[in-house]
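Labels A, B, C and D are assigned to the chains in the order they are written; within every chain, residues are numbered from 1.
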Amino acid sequence: RYGYFGEVEVIRLMFCQVSGCLTDGRIFMSVSGEEMVSFNNMDTTGISMLQGEKVEVVLLTSSTDRVTQLVAEKLAKNRGCQVVQVGENPVLDLEEFLKQKDLDWKHVAYMGNEKADVGCLEKAGMSAAPADATSVAVNAAKYPCRHAGGLGAVREFAEHILLQNEKVKSKNKQ
Amino acid sequence: RYGYFGEVEVIRLMFCQVSGCLTDGRIFMSVSGEEMVSFNNMDTTGISMLQGEKVEVVLLTSSTDRVTQLVAEKLAKNRGCQVVQVGENPVLDLEEFLKQKDLDWKHVAYMGNEKADVGCLEKAGMSAAPADATSVAVNAAKYPCRHAGGLGAVREFAEHILLQNEKVKSKNKQ
Amino acid sequence: RYGYFGEVEVIRLMFCQVSGCLTDGRIFMSVSGEEMVSFNNMDTTGISMLQGEKVEVVLLTSSTDRVTQLVAEKLAKNRGCQVVQVGENPVLDLEEFLKQKDLDWKHVAYMGNEKADVGCLEKAGMSAAPADATSVAVNAAKYPCRHAGGLGAVREFAEHILLQNEKVKSKNKQ
Amino acid sequence: RYGYFGEVEVIRLMFCQVSGCLTDGRIFMSVSGEEMVSFNNMDTTGISMLQGEKVEVVLLTSSTDRVTQLVAEKLAKNRGCQVVQVGENPVLDLEEFLKQKDLDWKHVAYMGNEKADVGCLEKAGMSAAPADATSVAVNAAKYPCRHAGGLGAVREFAEHILLQNEKVKSKNKQ
């Protein structure tokens, strides 16, 4: 599209919902009380690729989902990410966060799969939803992934972000 | 369909089979004796959406499936649902239940995936079966889901119920 | 096919490989040493349906797969099945078994997904392979399932057996 | 293709990335700290088939993935495989390994699913990537599998290797 990259800025930070984006949305519960979720190595490698190109990655969890919260904290510790807990309107929580970082939404990539993510999906400079996200999220996302949540969607979006950043940087040099 | 909504009443209660609808039907068994099932966050969010619009959600489990029973009870506690154990003919168990609640089948939505669910799928005002349900259940359901059990079928049906309730309410106001 | 049912006898016993037929072939291994497999409720209901129509169900496991063996024994105990461990040539093990039961292969249904199952798939009166079985097994099976292992293949074959038994019985009455 | 088999040598060793090839790339993490991955019996049978035809199988894990490393060691012990840990450039690690074994890349089959595997996928006499691998790996692989990682890709490649070895051996006898 003519002039498209002219409107895109370099992405400096990616917000990523854990449940349904980095996981497939499933929570395993056992009779004895154990609870598990799964991550895909291709997706966590995508996070490392972003970090390697100086794109900060911030994982988002919901206050109503204790399991994903606890497991996301373990993952974040291994991967050097921050975890932010968001409520029913993530825009409010994250605008505060961005102000402290002195960042604008146009420098932000956002990935989410739920109705609550629609506001952020619209505001962020780049945004994506996994292929199996709720339809309102897919419609609001600027980039609809071919991969489902927990099965490569985060990796796919990470590669998309890095490619765009490269194009913008090369254009800015001209 | 002309006059269709004239025959549909506001849904006040949803019965949902846990095994195969809210789960994907799988039970994990370990060598040491641990047993697990999985739920999808998109589906449990669907339950909360129904409750938020004053549609009561009642989870159904089978007397022959101890694992799903135990895990459903944990889930129900978190989500404020009731769990009802049904036998080989759920219609009998649930008519008693509805009588106590002073509710008629036309105010009830029912989701099931098995041969035993056919009677209820036919009686309920609205009914659905996951895409991977047994063929007798899919045929008996008024609404065949595009999503499989444990992978969004409950969420899909929840959104369908809420949309219909809205239409019926808006029609009743005219 | 003309005369088809004339050649089929009533099935009195079903042999079912556990790994890849009743499970999806996956074995979960944990860092701490725990091992799990999963079963599908629709499949185990299929086993109960066969038993209810007096078709005995015998689960087969391999001597080289300790995990599936141990978990199959738990399942078999709940469901009233026998478990038989077979080696590299199941035909040899099972002919001995059938002789003791005074049963002929024409009264037997067999489900398997591996190269080692080919002999039995050819000998049994009815035979099936899951949709995701190895190609030699699919080719040897008289009935190729539409469902994959652990995802309804056993249920599908159980319904197929019961339908055939009904047809044969009704034909024999004429 | 004319002359194709003339360029292929008998394969004597297969390198196989564990994460994403022998597993589906998922790591399950529990609240209590347990971590699991899954293997498919059809794939591990493929490993045994290669070993039975005197093709050595060497499992590859990454230094950054502790879980897969630990579980791969258990699997390797059961199956009589060696596990080699590779870094960001597996070619370097494995050339050393091959020199010690006095083997050339043309006698080696390689399976990988990541960007880091591209060098080895190009160097090996035969190479493959699972259907759900990253696109750079699929493009670099000489044989793109129809099966996904953890769902038969290793088995598929094993059968392909054995078939090619048979063809080369029969051609060499002429």
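Here, a residue touches a chain if its C-beta (ideal position, glycine included) is under 8 Å from a C-beta of that chain, and two chains touch if they have at least 3 such contacts.
Computed from a predicted structure; not experimentally measured.
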Distance-maximising chain from subunit B - centres being C-alpha averages: D
Chain centre separation (subunit C, subunit D; CA means) in Å: 32
CA centroid of subunit A to CA centroid of subunit C, Å: 45
Sequence positions of subunit D contacting 2 or more other chains: 28, 34, 36
Interchain contacts, given as pairs of chains that touch: A-B, A-D, B-C, C-D
Complex contacts: residues of subunit A adjacent to subunit B: 19-20, 24-34, 36, 64-65, 68, 113-114, 132, 134
Contact footprint of subunit D on subunit A as seen in their complex: 28, 34-42, 45, 67, 70-71, 74-75, 150-152, 155
